[in-house]
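After this come two complexes, each holding chain A, first together with chain B and then together with chain C.
Now for the complex of A and B:
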């Protein structure tokens, strides 16, 4: 097992190196960071050349790549177009987004697996039909539609129903209330409890939106996997031995049926980031989505590079986790 | 009738050197009926048929709608004299209302739908060809070709594809829908390539491939004439589902402002335009959203129906 884990970790290093090259090529092809300066006739040529030299744009791509990567491995991602350090901005955005994604993901897996198992155990019951129908529907829904529905219709109705139209309970804009500093003038932001409450009222709908479309995939997947284990030979053997049905389901079928879902969960990361960007846009969060959109629009290469490298690293890490989980859960993989 | 008879005669003639025409004829009959059963199974899938009908209706509306509808997408409407501030709201004259800049929203939506479908078709055709060719070559030849192409697939999956497409298409000036479609296709063939590779890995060991090789067929002929027709099921299903995926991916990109740009349009573009007024002028925002949902739902139902038709043993679940 240790050797397997080490091998997977070692493969990740060349993968990261190649990914960094790919990311750099992508960002170089995103556009010219000095586009605005060049189109402005009032800016003298010399100033543009100076800026070009400062950003290193006058160097060949290989040199620029080497300059960037040799700093990046030390954790220095450089400065953005406005001379602010990149890493604190990305770190803040990443924190906001990860909070949302992880929360949604955990709840989605719990709900998805539970519904999938019940559906499979009671196959062709009304519960199964209803659950399968709903999850098919949600699975096909674009995240834009779900998030917009929750924001523009759901939140409005609930707040109206609670009689809180002036000071709505469910917030739909931003990831927290501003100002968030604890001052005597702003006692609402003081203490852990107030902070958590504020987070909960803001995060409720975005989490729900992400969760609704991701749970659907898990429940469909879990149902299929559970049906497969339920009809397998070892389940029949367990039943034949006279073990109670409950024990057969929980100990024999359920445990093994979790294997595929664990890997899907880890491998889905890229798709979830895509969904999170849309959700954040609808609810006006200032997370990774906003940062990405701004940096592409303004062509801010260093932010973009840092953003892409962080997500690429996340994807690689989650892939390794998936592989390791698979190996822990299914000994056949380890030996193969 | 005469043609059929002559063709049958030709079949019998050509099979005479084989050990008896009986089994051979049985084989051709079976091959035809396999497709017939698939079609029959699909036709009996009621939801899939309704979905197909709805989807085709939408496609037709997107093609013949704009020239038939009395308002054009670029025809500015003037505020009628004496009308109140609500003159933009939906009426019988303008079922979807009038956009903020004074255009008929129905005309805009039909044009957006047309672009969305156009983009999706380009994405599906290009990405299916890419996926099939790469998957087939990788699975058939194996060894280092397989290793390299599958590592390449892994690599392509590391960067979230919407982000990569958004970066690349930032450079395109002016009309960009075709570029957007090509970029999307360039980053969405990997799933199909993996499926096709898997199919080829098992199919290349079959006797008919060995027979073809023994006859002296070249690898390309074996891949595209012998093996590929046997892997048609997964290709058709995946291409169908890819239509929905492409429409959604394009809408997502345009919605965050990194997809299609003026003078082009799409459903996502219209959604983005209506976003600011979703609370006050809901009709501007929700119609494109609803149509987007219908496309996604119907395409998934058709895909599910096709999957059941091709392989009834398989569970009705998509990973």
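Now for the complex of A and C:
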């Protein structure tokens, strides 16, 4: 098992190198960060050349790649177009996104798996039909519609109903109330409880939007996986032993149905770090999705590079985690 | 075979409602099994052998409609509460399945799975169960049982897995072991060893065996009583000698003719033409009539009942006398159907 894990980790290194090259080539060809300067007739050529030299744009691509990558491996992702360090910005966006998606993802997994298992065990019952109907409905909804519905109709109605139209309880803008610093003038932001409360009122709707869309997929997947293990030969053998149906379902069918589902979920966790662009936009969270859009609009290569490398690393890391989980759950893999 | 019957099946019917109608998988099967007896059931794929045995285990899907009666030591199993059936399953009636590759759960060790079977019907401690599991593996002839018990099914060969399944089946000293094509998935050399193991252990635990197969060659040397099934019914029943040397039902004759070893010597192989009828919409009359070389008008209207054709020998055919009179009944499958005797089609 340890050797298996080490081998997977070693394979990750060349993967990261390849990813960094691809990312660099992609970003270098995205556009010219000095376009604004060049199209502005009042800026003298010399200043542009100076800026070009400062950003290293006058060097060949290979040299630029080497300069960038040798710093990046030490965690130094350079500065953006406005000369601010890149990493703190990306880090902040990353935490905003994690707060949003991690919670939604965990709840979605729990609900999805539970509903999927019940649906499979009670196949064609009213529960199964209802769960299937709701899942398909949510699954086919564009997330824009769900998020917009929650923000513009759901929140309004609930706040109205709670009698909180002036000072709405459920917040629909941003990930926290500003100012968020605890000062004598702003006692509402002091203490862990106040912080959590503030977060909860902001996170409720975007989490719900993400969760509704994600759980639907998981419940369908878990249902299919569980139906397969329930009709498998080893489940029949387990029944033939005369053990309780509960044990047949939990120890045999459910245990085995988790193998494919867990893998998919681990992969999803890696991919989701890139942010939930639509949800973040609708609820005005300044997370990874928003940062990506902004830096593309501004053609800010260092932010883009950092962003892409962080997400690529997450995808690779969670791929390894998925592989390891698969090996833990399925002994047939361990020797391979 | 003498002795009190421990398992009695009477007029067993099983239907599966589907969108297209009811699939009549078993249509009135009756037989009994005495203590320590070995009963063989043969027949083509889809004739209802597995469904019959799953009915005895109470393992048919919930949608199945079961009629008739299955009695184990006088206790009615059809319609019995789930709990009562579960108490019998794996303890009094055990089952060995066809495909040892998929019959064991890939994520648990073989020893664990044996232990689970043991603990389902006793209050053995976990440690005592794993000790007993090792003894059982030893008993079925698996070398190095301590090490093997710690291994997963995928580390076992097919033959060894089937031995492990036999160990599981005998773990609670059952009275009846249903072996549903236990060797079909194995290579020929391993088949004989596994069957030998099964018979040896049957004596050890004093169990009766219902041996299901579609291969007459497998049962020849080992069963006391043989049933031939066709389209959800038993069409002939008797001793191995009755079936092999005095077959009275044309389907049995055809089955023997399509079997290399039973055909004996220089006889050529003659597969039965056509395929079994759909169990969804059975036409009236004998279900074998469409493939029968000696079919006659009455076969198309009435389905014949099983009737005695000798001591302990039953056959369901209107033409048993005619078959009995034939010097070499297998030849009927050489000639095209409905050709009057005399035109020997031997070319």
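Going forward, the second predicted complex is superposed on the first by the 329 of 336 C-alpha atoms of A that agree within 3 Å, B and C clash if a C-alpha of one lies under 4 Å from a C-alpha of the other, contacts with A are read in each partner's own complex, and residues count from 1 in each chain.
Assume a contact is a pair of C-beta atoms (placed from the backbone, for glycine too) under 8 Å apart; a residue touches a chain by one contact, two chains touch by 3 or more.
Just so we're clear, the structure is a prediction, and the values are computed from it rather than from any experiment.
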| item | value |
| --- | --- |
| Superposed partners chain B and chain C on chain A - clash or fit | fit |
| Partner chain(s) touched by A:332 [first = chain B, second = chain C, both, neither] | second |
| First (chain B), second (chain C), both or neither touched by A:233 | second |
| Touched partner set for A:130, first chain B, second chain C, both or neither | neither |
| Touching partner for A:250 - first (chain B), second (chain C), both, neither | neither |
| Cα-centre angle that chain B and chain C span when viewed from chain A, reported as a multiple of 10 degrees | 70 |
| Partner chain in contact with A:200 - chain B first, chain C second, else both or neither | neither |
| First, second, both or neither for A:152, with chain B first and chain C second | first |
| Which superposed partner A:241 touches (first chain B, second chain C, both, neither) | second |
| Per-residue contact with chain A, leading partner among chain C and chain B | B |
| Shortest span in Å between Cα atoms of chain B and of chain C, once chain A is used as the common reference | 13 |
| Residues of chain A defined as touching chain C within the complex | 232-234, 236-245, 251-252, 255-256, 259, 329-332 |
| Interfacial residue positions of chain C with respect to chain A in the complex | 57, 59, 82, 86-91, 94-95, 97, 99, 102-107, 116-117, 120-121, 152, 154, 165, 168 |
| Sites on chain A touched by chain B in the complex | 15, 18-19, 22-23, 26-27, 29-31, 136-137, 139-145, 148, 151-152, 156, 220-221, 223-224, 227-228, 264, 270-271, 273-274, 277-278, 281-282, 289, 292-293, 296-297, 299, 304, 307-308, 311-312, 315-316 |
| Sites on chain B touched by chain A in the complex | 154-155, 157-164, 166-168, 170-171, 244, 248, 251-252, 255-258, 268, 271, 275, 278-279, 282, 285, 289-290, 292-293, 296-297, 300, 304, 315, 317-319 |
